[in-house]
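Below: one structure in structure tokens.
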Amino acid sequence: MSHLLALTMAAPALAAVVLLAIPGTSRTALRVVSLIGAVISLAGSIWVATLYDRALGGLQLLDTVPLVPSLGIHLKLAVDGWGVALLLLTGVIIVTGVLASWSVAKRDKEFFLLLLVLVSGVYGVFISQDLFIFFLFYEIAVLPMYLLIGIWGSSHKVPSAGPFGFTWKRFEVGSREYAAMKLTLMLLVGSAAILVAMFLLWSNSGARTFDMQVLEATKFPIAVQHVVFPLVWLGFGTLAGVFPFHTWSPDGHASAPTAVSMLHAGVLMKLGAFGVLRIGMVLVPDAAAWWAPIVGAVAVVNVLYGALCAASQKDLKYIVAYSSVSHMGVVMLGIATMNAAGWNGAVYQMVAHGIMTGLFFALVGLVYERAHTRTIAKMGGFAHVMPVVAGFFTLACLSSLGLPGTAGFVAEFMVFAGAAKGASPWWAIPGVLGAFVTAVYVLRACKTIFWGPAPVDEFAHLQDVQRTEWAAPLVLGSLLVVFGFWPKLLLDFIDAASQGYLGRLPIVALAQAVTP
Amino acid sequence: MSPVTLAIVATVAPAVAALLLLVLSPLRHRGAPAAWVTLLGSLVSLGAAVMLLVARLGGAPDARATIPWIEERGRAMAEIGILIDGVSLPMLIIVCLVALCVQVFSIAYMHDEPPRAFGRYFTLHALFLFSMNVVVVSPNLLQLFAGWELVGLTSYLLIGFYFAKPAAAQAAVKAFWMTKLADMGFLFGLLVLYVSTGGFEWTSAPSATVATWVTGLLFLAVVGKSAQFPLHIWLPDAMEGPTPVSALLHAATMVAAGVFLVVRADPLFALAPGTREVMLWVGSITAVFAALLALVQHDIKKVLAFSTCSQLGYMVAALGAGQAFAGFFHLGTHAFFKALLFLAAGSVIHAVHSNSLDDMGGLRKKLPLTTAAFVIGSLSLAGVPGFAGFFSKDLVLTSLEGKASWIPWAMLLGAAFLTAFYMGRLLIKAFWGELSERSSHAHEGNVAMTGPLVVLAIPSLASGFLGGWLATQSSAQYELHLGLTPVLASVMSLAGLGAAILVFRKGGQAPFTHVLEKLDTFSVVDRTWAGAYRIGLLGVASLAGWIDRYLIDGLINFTGWSALEGGSSARRLQTGLVRDYALLVTVGVLVLVLIGVLR
Amino acid sequence: MNFDFGFAIVAAVIVVSALFVVRAANLIHAVLWLGVTLLGTAALYAQLNAPFLAGVQVLTYVGGVVTLMIFGVMVTRRHDGIDVVAQTEGADRGFIFASALFVVLALVTWKSAPHVPNPAPVASSADIARALLGEYLIGFEVLSLLLLAAIVGAVVLVRRRDPEPAGEPSPAAAAVSEVNP
Amino acid sequence: MTLMNCILLASALMAIGVYGLATRKQAVAMLLSVELMANSANILFASFAHFRGGPTGQVFVLFALAITVAEVAVGLALVMLLYRRHGDTALDLASEARQ
């Protein structure tokens, strides 16, 4: 199977093409085809994981097709350990996401079509080894979001206040169109920065190539690196929710429909962090080492500030969205440590947070679909009528606050250990504090929504999880626990990649020489 | 079977039970089968623990086995495994035994719960026993931390078992938050230890400064988990949980995990005299403070809860004095008699359907067996000579003798008096005196209820005599010697009881009740924490939320607004008249050409 | 440099008639003056050793385009019988910009001084044909497509649709007014 | 006759065309001005062809001629449409697209 990666990547897109041929009225067929596409990609990812030689590490399963040789653009697909972990995450999230959006009623054909195209883009980013293709897939993954939120999203009102209250005249802050537009524009500005960085790398690569392996082997002049790294950091960082460019995330995730929130917070935000790691840290390591303290300091702000913001929210989706901002801060913190523990933790946190937040959004979607409100103050005692939802929500909360036995703990622990061992040990302090604030807000939300006297009136007959809705809680919930108890499953892949790339870092070589 | 296998069986058996119940929801929803599965798990654990003990008595050495858990470059960054030695084995037996007793008791006590809730209750119990065993057998601090957090989780879920009650929900969350707040110390301690020694072993010997940091941070977690002043406020609230839960988690085992941690990490604490000094004082203050508050409680469970705080204070003080074994010994005896007391209290509550001491009275005649159990427990707790509590408490007090300051020693002696005094009050109010209206319908529960009382009464009476053996297991010295302290302690406990009889026989009140009640109901500590939470956390959070929405996002909106407004202004240039465009094109050409010319 | 009398006359004709094109008050006159300009240009082509171009210029431009323009003016006349007034506006502004443009262009031309004193060998019509059907074949074919598209497009644009009820805006106009309330 | 003179002539024609485009209101009149400008470009092509030699310049004039014809055809069609809708050919009326 020399084209396994291409197949995995293309399966959702092919399913989308098949969808085009299916009349929009045969709704079951639409869903089944989408599910098949998603399942094939998941199976492909799992197969990739089994084929990947963890002991060997590095890039494997290479698959090259030249596209524009004159500009040095090739469709070069290969996967490293990080890619394997993130492929698995993507596969799991898209399968559960399709199942969770079984009940989408409005323009369902287009919905699944866009969803599948988007996922193909995500897969592409994780496996492309050509910068140009990487960027292309990145855009494919980011842009459908505009339509997915703008058409299938939900709106609410945000009162005008503050020094910039006058801008409310121009925008309907809180509406889905606003959210979609803000998200797209902010991410596009980020993309512009990435594009500039990309061409800088291309023109300084000597060979005028986008091939990432060649770029890795190139030692860029330090001046170029110092321009490229901040562009990459902020460009990809916007998607990873780096403070202060995170504000698209709460509105976007709150407005997006369930599966889109799952995918976006669960997988797409990881594209940003993956970009910073794969391009920023690996391709321009010298500037990265110089910028790392700033990246880490901002990440620390993300962790604590995101958690505090989440603690102040009254809307359930906003809580989860801000918690994503906080948790992505942990990822960025891990990246900034520039040591094995930190990087392993960062990638592990990507997976852990992806699963956790996917579970969160799936459950929030369930609750919203039934209760028609997201304001937590209006809810109460839901555990009486939907105990399964309550149970899995609690599980997601626990992973969110980093309880041992869940994937969140392993990830956060490694990141904090990496931070403590790194150049700025104090980073661990706000990091851990952020985890505490997380405990406060998730458990408060959990208590308000699910505990208390049995609900009356319109909430008295809310249904618990039904049929396909079981998929997301069951799969994601059990994965959280499995990865919490048995980190080796993923960590071997991640570590193989981290060790390989860390060899490029000058400071690491130094540190290894010092410690026995 | 090898000791390692046995230890794994002892640890994992409840986990298997919990997993079965979690996955096979029909089993859980049926109720009774869940109880049997859980009991089976606990029984297997206990059996394995006993087999380990037998092997050890036969001369088996310590057993230690680890596997890598988090690997980095093929090298273990963190390990998990088991360690069976003179500390963990007795603890394992105590935990399994008490857990089994409590679970049996629960079958009767929770009988009226709907099957689903009943099943959930026992699932959580299985989960708890697994978590607690993880703590007990952990070979390093990281695994101990993992188990530590997991018992915190089960504590949270069990306190919130009656989640329909807002008070229970609040108490559960509060308990979790307070312990989580303290647990940050644990995590920081682990990180400091990891950075300075590269591992999580308590046997690693870092420098004195590092040791002080690590132990100080670990002690923070102990303060939270073992409900020491000023983080004790969650424990009384935790009594919202079912009474057997209070017996198991919030009296016998989970809260003692803090003490267990210090006992385990004794090599580290030995390097940090500063931390020990703090522990000595915190423990002593908690012992007295909680004993005073226990004096004025009207809820039978709250009396016992404050008493637990107070006794944990004893243990922490002993640890602070450097006598880890004294603390551990008291932990063991306390686990038995406090579990006994709580279960007996549960039996009383089951009989009178009230927690309030005012609804009780004269129960001696209606509940003879419960009364006997309660008396045994109380006397043991009070430290009356001959009972288990006497030996361990005496050891604690002796360990404080000859310290730099005599004040902690005196405080704990005073607390011993207070302990006897409030237990006397409890006994008299609940079991002696006039038969109250509610009491008149009381009757003993079935054998599932009384059986555990009997089983637990035996070690409450006699476990004090095992001190010598226990000491050899953890290579400490222990001998009962007749000195000033044992005599004084005996006198204190007897005086306390006597004073209680004098004061409360006629339905009197404790002296200074007024002041103490004020201290309790308007608990300064509680209100300080609530204020810190509201202002410090929620206030800052709202501020952050406002800033994010209206300043940071406002700036983003402002950027968009500027673009739109700028576009609107620029649109005036767009007259829609071709001739204007023609001119503009000309201007553009002119500018470009001029640039080209002038260059 | 000898004064080139022929060129001067042709250039004067072209410029003067062009000025009339943009200044004539009557639109018909303007079109006719354009014809003069184009004829002058044809003469210039002849002077430039491009007789084929001159011929084509006369045939297509003067014969085709100018006629078409006159038709256009006639068809779009508002009332029969009166002159078609060519409205103008902003003459000052236009003059300033136009003269600025001319000055700048002249300046640039003068500064770059493209002196090519000896005219190159003449390219015959055969050469042009060869180039057109050889080197520039693709452009030639594309151009034919463009012309076809222009014809089809023009026909489609001016085709009368089904008679609309008088007074009501066409659907397109209605759509426009919907978008812009 | 020098290349410079030709270029100057073309520039003058271009400037006049711009003037016409900027001052005329009617669409047909504007079209006329555009024709002038196209013509100026053609003159340039032809003169360069003359002074540089080779058929290329002339070929381009032919192409430009054809394109101009197409442009006139479509432009006049648009003028017709405009006239039908507004009864006038003043292009100002077509500026409604800007609200």
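A, B, C and D are the chain letters, set down in written order, and residue numbers restart from 1 in every chain.
In the analysis below, a residue touches a chain if its C-beta (ideal position, glycine included) is under 8 Å from a C-beta of that chain, and two chains touch if they have at least 3 such contacts.
All figures in this text were calculated on a predicted structure; none of them were measured in a lab.
Ranking all chains by how far their C-alpha centres lie from the centre of subunit D, first place goes to B. The most central chain, judged by C-alpha centres against the centre of all protein C-alpha atoms, is A.
Taking A-B and B-D together, the pair of chains sharing more C-beta contacts is A-B. Separating the CA-averaged centres of subunit A and subunit D is a span of 56 Å. Subunit A and subunit B have Cα centroids lying 36 Å from one another.
Centre to centre, using the average C-alpha position, subunit B and subunit D are separated by 90 Å. Centroid to centroid, with C-alpha atoms defining each point, subunit C and subunit D lie 4 Å apart. Shared contact sites, meaning residues of subunit D that touch two or more other chains, fall at 18, 22-25, 96-97.
Residues of subunit C in contact with at least two other chains: 89-90, 93-94, 97-98, 101, 105.
Counting only residues that touch two or more partner chains, subunit B has 579, 583, 586.
Two chains count as a pair here when they touch; such pairs are A-B, B-C, B-D, C-D. Across the interface of their complex, subunit D is touched by residues 1, 4, 6-7, 11, 14-15, 18-19, 21-22, 27, 30-31, 34, 37-38, 41, 44-45, 47-50, 52-53, 56-57, 60-61, 64-65, 68-69, 71-73, 75-76, 78, 86-91, 93-95, 97-99, 101-102, 105-106, 109-110, 113-117, 119-121, 123, 127-128, 130-132, 136, 139-140, 143, 146-147, 149-151, 153-155, 157-158, 170, 173, 176, 180 of subunit C. By the touch rule above, subunit D contacts subunit B in their complex via residues 18, 21-25, 30, 91-92, 94-98.
Put simply, subunit D touches subunit C in their complex at residues 1-9, 11-20, 22-26, 28-29, 31-33, 35-36, 39, 42-43, 46-47, 49-56, 58-59, 61-63, 65-74, 76-81, 83, 85, 87-90, 96-97, 99.
Across the interface of their complex, subunit D is touched by residues 571, 574-580, 582-583, 586 of subunit B.
In the complex of the two chains, the subunit C residues touching subunit B come out as 89-90, 93-94, 97-98, 100-101, 104-105, 107-108, 111.
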